[in-house]
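Order of writing sets the chain letters: A, B, C and D. Residues in each chain are counted from 1.
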């Protein structure tokens, strides 16, 4: 199966014209999702197709039936390539490494970059390259330059911040637009910033959560991919919330990453369209 | 908006041919869902369309592009008509009457048939016709005949069993195929039959549920529309489970009915396709 | 069953001393919950007891074994008395009236106060007194005075804001400390203030929620009693979120009220202890 | 903190007498749960206590205040010892090994017994002893004897069946009463036996689940510890349900094990009391 992704201005008859091209080349439509956003007049489509076809020819004809300025592509079945970035906590990266090992996450891990040595042992257990780039004794700009250099060498499709606890500069983020996925340990937009579990404890909330989102230049304000929550009660201290929160963090992060790896997520300004 | 519903044998190019007809008549596709069931080779489609069009002409052209023996129809926005059947418990019918009153359930209630008088007062508060058809002093066949006669007079699209606690005969069910919706007070297929909460207590389950389903001639075995669950623990007696269960029963029943009223449910033998 | 509620400074042996008094009078402990808050050194206890006993004598002995300045009381099984306040929306009050009618909410409704006439018909269907106190042509102070006067006449245990859409002044709130329960149509502290569904839509969240809380003088900042959430996606407009949100609003409000009616909620500054 | 566990016939004043002993020795009660089962007249209590005390003396006095034939013990903070048994699937054991490594599961893994070699590599990555005991070319009785011998050598507190796909004989189960924990890939009692996902697909259910339970001699009928569910729809084949089910399986298994490791689970015939 190949996936056809289309993003264009909405107008009458797009689905008919595109599916007519697909039928002409005898492609079977296995999955089909579309969404037209009224507010921005954007059209989004994701179709899973099978068949024996000349992709260049199909693309040529689809291009002809779409409005000018459209984005579209066939995504091959090839695995996405990722780089993981970590600091000290190992629960999120552990889940990614294990699922990768058991065949549950369909991606190629090019390497793990850590600014502390804590996750080295776990990474190497799974035979994944480990790159330690410490922030000590250098300034932020220099540190980010070293990381950017390493990422560009590795050339991933996506960068996964698996509890990377340093704030990235606009320059860094600007290098990888809509390619950086972060897990935030709160149900955004509640408790933006540092120590969300402490904030949650103080406010006396009865539910806490986690948010997987693309990173843009507003801290904790990028397009949200996936969220989930768990119940807490008066007997949970901030520390216990933080421990309980780890499970929902890794579950949300993994689920968000799966959606992106399967080309189910489009970004429309600060919002996502997710064909789940 | 009108809803176009199609059910036919699956073959290559159906979506293209149908959407091309729609585009030719300048219909806007607002919602679109499709599913091809590999096992039975059936194709299902639901499309919400807007525009100014001659329905007969569109239907004529759609008929031409579909395989022989297809089922298809445009569903007007008109409200579905329903008859509700009850015995004694009033939580499910109460929820339906209240949501109908507040505009949350888009249906016309033609009347309520009860074999006991318990729900009369509540029904009449909401100015809905009440028909009491007692089973006392008559046999089952006679009782069902009286109910069938009343239903046929009222001529509903659907019959909602809001805790109607008598088992319907195959003859009764055969009169209204895929038109009777029941709420069963367990997470089917667990605890089929009588006293599911007592069964659940005895088995020591940690979750109980409810199931909205179409009624066919196998008791509690019709196509499932919607299910949901709640947690229970060792401190719940069978009676307390039954009380807690009422909320999930009415929530599931109402949700299942909403899906059917909005033409989101197809029946494929003993399974449903639900375009939620 | 009577409920014994204790709130006092924490110290060693409280449970032993209190339960020894209860055992001396041959009271059976049917339910038992306790919590010691380390941060504030407060102890909370709720016990359901049965038996044939002289309450005054038991109270006298319990008083002797508790630290000075303790709060404790036996709560009789009597129903709590409530006044409901509404503006225009009828889904929350409808749920309360219906559950009251079907015996699912164990409270006495003394009356409904509305500043618009919209909920009059529904209230009177259920034979509950309706008091219309319009805010038109009078200032806020005068309006609140009229409402306070009516509430004091009725003398409820709790005041339920079932979508009362006017902000209450500190003077009003000060009259009824820890007695006013509000339903806020967001998952607090996200989207405080007006139009939370519009804010949620703009932020592109994947989950929305509702919060039942006591009202204090910080808008939407009182102690949280109960919260719940539902999933939404890109296809939900702000209006559709608001419609979907109504179900979670009424579910959360009703659940929060039930917890309070059963004396399961203590307030400790801005947080609640909930013995669920 | 030490945990005091009590299981005895219910009678008046037990809590008072036990907590009075604890207070006499100046033990702080940090956590406290109790439950009296009316049907069987059994009393269960779990208390977390801190303080500097002579355990033998406290035990002596508690023994004196409990009914004859009571079960009670102080559980030290020591880690429980476990043996894991597997066949081919590695998602459940993977989760256990990873959580053990990251400090999230407070247990000592004495070894992993597999009847196939599939999980050897993963086990050894985490430096856990691997014991392969193939069932090939020997009969069931002989195979079980070899496993029993190995388990007795290792002497664990619990045996975790992490997708061990062979049915254990009554003799095997009888050796380790209330010590064997299994994960069943359905929401019991639905779909007992083989191929639950296939059964679930055929029945057209909208929710599937998993169940962690103690093993007794009725297949899939032991006391249930924990259950959870996920939603599925018409688009899930039996195979896709099985894939989606893996996540809920491992989540439920891990949660059930955590409850047992923390001494929160009592068994009362075929039901559990879980102080969560």
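Assorted remarks:
Here, a residue touches a chain if its C-beta (ideal position, glycine included) is under 8 Å from a C-beta of that chain, and two chains touch if they have at least 3 such contacts.
Please read all numbers here as calculations on a predicted model, not as lab measurements.
Contact count check for B-C and A-B (C-beta pairs in contact): higher for A-B.
More than half of the contact pairs at C-D come back, by residue number, in A-B, the repeat among A-D, A-B or B-D.
Subunit A and subunit B have Cα centroids lying 38 Å from one another. Between subunit B and subunit C the centroid-to-centroid distance comes to 36 Å (mean Cα coordinates, whole Å). Listed for subunit B are no residues, as none touches two or more other chains. Residues 12-13, 15-17, 19-20, 22-23, 26, 28-30, 32, 34, 36 of subunit C are the ones touching subunit D in the complex.
By the touch rule above, subunit D contacts subunit B in their complex via residues 35, 37-38, 187-191, 202-207, 209, 223-229, 233-235, 237, 268, 270-274, 276.
Interface residues of subunit B facing subunit C in the complex, by the touch rule stated above, are 90-91, 94-95, 98, 101-102, 104, 122, 125-126, 246-247, 251.
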